[in-house]
Amino acid sequence: MYELGVVYRNIQRADRAVADQLAALGSATVHEAMGRVGLLKPDMRPIYPGCQVSGTAVTVLLHPGDNWMMHVAAEQIRAGDVVVAAITAECTDGYFGDLLATSFQARGARALIIDAGVRDVKELQRMGFPVWSKAISSKGCIKATLGSVNIPVVCAGALVHPGDVIVADDDGVVCVPAARAAATLDAALKREALEGEKRAKLASGVLGLDMYKMREPLAAAGLRYID
Amino acid sequence: MYELGVVYRNIQRADRAVADQLAALGSATVHEAMGRVGLLKPDMRPIYPGCQVSGTAVTVLLHPGDNWMMHVAAEQIRAGDVVVAAITAECTDGYFGDLLATSFQARGARALIIDAGVRDVKELQRMGFPVWSKAISSKGCIKATLGSVNIPVVCAGALVHPGDVIVADDDGVVCVPAARAAATLDAALKREALEGEKRAKLASGVLGLDMYKMREPLAAAGLRYID
Amino acid sequence: MYELGVVYRNIQRADRAVADQLAALGSATVHEAMGRVGLLKPDMRPIYPGCQVSGTAVTVLLHPGDNWMMHVAAEQIRAGDVVVAAITAECTDGYFGDLLATSFQARGARALIIDAGVRDVKELQRMGFPVWSKAISSKGCIKATLGSVNIPVVCAGALVHPGDVIVADDDGVVCVPAARAAATLDAALKREALEGEKRAKLASGVLGLDMYKMREPLAAAGLRYID
Amino acid sequence: MYELGVVYRNIQRADRAVADQLAALGSATVHEAMGRVGLLKPDMRPIYPGCQVSGTAVTVLLHPGDNWMMHVAAEQIRAGDVVVAAITAECTDGYFGDLLATSFQARGARALIIDAGVRDVKELQRMGFPVWSKAISSKGCIKATLGSVNIPVVCAGALVHPGDVIVADDDGVVCVPAARAAATLDAALKREALEGEKRAKLASGVLGLDMYKMREPLAAAGLRYID
Amino acid sequence: MYELGVVYRNIQRADRAVADQLAALGSATVHEAMGRVGLLKPDMRPIYPGCQVSGTAVTVLLHPGDNWMMHVAAEQIRAGDVVVAAITAECTDGYFGDLLATSFQARGARALIIDAGVRDVKELQRMGFPVWSKAISSKGCIKATLGSVNIPVVCAGALVHPGDVIVADDDGVVCVPAARAAATLDAALKREALEGEKRAKLASGVLGLDMYKMREPLAAAGLRYID
Amino acid sequence: MYELGVVYRNIQRADRAVADQLAALGSATVHEAMGRVGLLKPDMRPIYPGCQVSGTAVTVLLHPGDNWMMHVAAEQIRAGDVVVAAITAECTDGYFGDLLATSFQARGARALIIDAGVRDVKELQRMGFPVWSKAISSKGCIKATLGSVNIPVVCAGALVHPGDVIVADDDGVVCVPAARAAATLDAALKREALEGEKRAKLASGVLGLDMYKMREPLAAAGLRYID
């Protein structure tokens, strides 16, 4: 389904201010605000803990064991982008290390999301360049086959269009379509506003059973208590 | 990224004659003819061997452990369709058994492709209703949450639009976008036409090294023979 | 949690007639009749297709790579039993082959369910001794460490007590507690009686949407049709 | 095998003092003291390193993608409990986040052990609420189907009864049946008392071969040294 | 550790008569006769059931997604060989289909053992060319990078030298070093000679407990029977 | 293929100075300098981050669930060694804890590489004894069956000879054959010398496309830019 050997230079990025604000809300809240869709598979893990980023997607499609297109993608990065890398088949090779990270960072990229492996992870942490990947591997790549840049890709089970917003933290990675970014931000902010109050109640010992009025529907569903 | 709770009734199916002819070429040849893209993950396996089908995709998005939308999808099936079922998270439950297969078959469906599990596999084989799935499981489903029918879905790592052509056999499952179906058929027929001659040569003992003229590029790449 | 080094000789087997009748109903129907519990993980697969058995469980707990207790279990088998083998840690070794199968068959066992590997699978098929396992492996075992026979075991994620009824077919393996066997048989027979009529309706083109009266609840849940 | 839709309010918890002392001994020593049984699968990992807890089990059985019963379980927690959550099928969804953790902590729970996923892991670490899980995932849950609270459950391959002692640290999670808790504590304390002396000897360069008197049995088993 | 870009033309094959006789004994018996070593991982499965082969190894090392060296290997095949293909990293691509099989078969190869995927499996079965692989995949390969032929390789976790004997059947794949082939054959024949008598005894109802005189060592180890 | 029950006392270790210098270069650079071979599978992960070691391999072959040979291996350790442990079948048990680490450290070992599990990981970190493993597990081992020490082993898919150099860091583990250690060090040093200059250029915004002169070959391969 992929168009190979093409680079789209002009992509429609989601609104910058919206994209930037989503980071603070976190992937779990954003995912809920989307109606529980848009999540990449949970085997996408941060290479070091504590990062929380959002940005607009520059996508790249690569072949197994071949990272040639990473260099092509670098040129398309603008400040505030997150690079999303998909592979045409399962692969855990190390597609990305500190040299590419230096280049991506110099171009303004905030993070890499890759459905494969990366390396130089100690150096990447030192540089402050976060990566979400499914593997860490010393294995390097060749540069032999064309993929594409800025086409829609399937990354870790999720469809990502160039320009979509990516939200990533220790809980995982979510993709928000550009057209839904503003509405998602609104919904997520509302969710978050309610959480503070709920948290206080629960901390005081109020049960979710009462706070969410679950006792009746549980009884209606047939729940029995046995002493 | 998914639109939930919607059923698109009017989809643009790929040309029927083209869709039908692709079955005989097989998933491997079609995948090559596409430029080696469009393949679903190889953990999608037929529940019994020897089937070879193609058809136009009716897509359905379901939630883990919930097969409610299968019944909604059944109504959208036309003769010659293949149902492609995606789940919003990893799941191996048995979403589909002989009753649903009876209904799908009565509506004209040729097969089911599902990124989850199925059951009643002995009966499905007896009925001649092929399924490609990643699991077989007795575990049944509830009917509680809305998904969608005939939206673009990511199934086993591949993006499938309603109306695309699905080609499935013992080697796996390929999705051919509707707009590329005719060109893919042409390319696949050409590939196949050449294979007969190649096969005869190889069977006579001619080496691929000579038939494909590989000796020079191998030597140029530095291959050394040691006696 | 396991008691090691013990063999319980007198176990309370489920009613034989009930146990025998459950085979014909199949694991999927029995699992539904139980309220969708009792299923072993779907990675338990038959080593050859087409078997459908039920019987009363003789349980055996073994250590990784050690099949000593299989011989101890053999003595506890009575006609109509199914041996259920659990391992104290993940293992895919071949615990069981044609010699043990000859012994088990001579004692009256109908099948083996094992959360590990078996071997001599061609010979087992020739003998007509079915096995559900998660692996096939030539790797043999040592005989060095005590396990137990006829204690409650966790096999492929399910708790099995000696004497429970095991139902296994191409769809998987279900455990029915002895105390619930009769009620489960009743419920399963009722389920099955309804299926014939449903199948005929669906085959005639009636939709599940109408047969199960799903249109209203779907609309109430917000399903929208788009032309 | 599970009884669904029930909550047992009165469970027999293991002796508090015994349960509390087991934490300091660690899961590896406790597991050895049990005779090498009772361990949950090693894919149960702490969401952040350095925690070491023990407590009495409150069990909860949930369905895939559905965390309704977590709220029911919260009410059954007493100070010193550890919640053990089992799912009726494989699932990696995020069943538990900072709000539920706030509630559990307010009720006196020390930790959660769950054979599925959790989220808000950064916040959980900040709160000091440890979790052992097999996944981390932003994916939230619905609240639609009844499970049970305080029935025996199979969690990550181990049978856990309500009231059993759970010991968890960076090495994994062990379940000690309530009836064996005191004896296990004794055995574990004895094991530990011996370890200090052994450690000192080994640190001084004495070999395990000599300290454990292994040279003779190794020679008897046929070990050959080749210079 | 691999030498890349080389083809060893003169390898020392194990004695042909010995290599040929090992097939009939099967991988499980041969593996036992070797002292339970030499087995490839159990995820190496036959693409169709019922094959039982042995032969001398021609080895080939390939890169992920690149089957160029298969053609180089074809030239080194002699009648009675089994090709053993290792990949420098995890890969499930389809390296081998009916055209290569035609060439291998014309050169006298009996089978392919590959730690990756193959395709055209229906046609391979029709041709009678067996393959043991860890995957089946339509995904084809490029021809871009040099590997080697007839160097020692690690295939599915086992070290295979060119000229070693490979024994493969439905139970798995074993590698017998050329220097140990004759001794292994002797040991395997002796094992098999004993099996007929044992099988007859077990079939008559004699227990392994008695036939192998296990009752005493079991009692010595502390086994207790409880009525 | 393994010789069982033997301990080779006199092994040829790689040059100490060369072995020591390789640590600083890291597994990724060393792997590239080797021509992208020699890497252990990426599921070998450090039990705590930030370690970077190299040393000469002492190898040990063990059976699943049996760590007897660890004590035999301890005696063969010399200052500067890294112990490489292979298992004859898949196993995640905890073969190694703080007592064995105390002994290994006292003998001069720098690290353990094991294709199985370890335990006492918090204590190992406190002691500063790094381990690369594929699992962490509280599950202990028995001491019943002979393996071997200082024979060639396959560990995590890579062939390791005693005396080879092991390089391990957060990116993974590489094995450098003793005979190639000096040449690999040279090649790795040259690679590293070039990296500083490249990094500076990339940091200044120069693109890899220009620095590596990739624009022409990409165009020759058919890459198209679309505005």
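Every chain is named by a letter (A, B, C, D, E and F) in the order it is written, and numbering of its residues begins at 1.
Following the convention adopted for this analysis, a residue touches a chain if its C-beta (ideal position, glycine included) is under 8 Å from a C-beta of that chain, and two chains touch if they have at least 3 such contacts.
This is a predicted model, so every value here is computed, not measured.
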| item | value |
| --- | --- |
| Set of chains whose contacts include both chain F and chain E | A, C |
| Target chain E, source chain B, minimum contact steps | 1 |
| A-D, C-D or B-E - pair sharing over half of the E-F contact pairs | C-D |
| Inter-centroid spacing, chain F versus chain D (mean Cα positions, whole Å) | 31 |
| CA centroid of chain A to CA centroid of chain C, Å | 41 |
| Chain A and chain E, separation of their C-alpha mean positions in angstrom | 42 |
| Chain A and chain B, separation of their C-alpha mean positions in angstrom | 28 |
| Multi-partner residues of chain E (each touching 2 or more other chains) | 36, 39, 89-90, 92, 139, 145 |
| All chain pairs that touch each other | A-B, A-D, A-E, A-F, B-C, B-D, B-E, C-D, C-E, C-F, D-F, E-F |
| List of chain C residues in touch with chain F within their complex | 63-66, 89-93, 139, 142, 144-145 |
| Complex interface listing, chain B residues touching chain A | 1-2, 4, 35-39, 41, 88-90, 152, 154, 157-160, 164, 175, 177 |
| Residues on chain C engaged by chain B in the complex (per definition of touch) | 26-28, 30-32, 36, 39, 42, 45, 49-50, 52, 169-172, 174, 195, 198-199, 202-205, 207-209, 212, 214, 218, 221-227 |
| Of all residues in chain E, those that touch chain B in their complex | 5-10, 48, 68, 70-72, 74-75, 92, 94, 97-100, 102-103, 105-107, 117, 119-122, 135-140, 143, 145-146 |
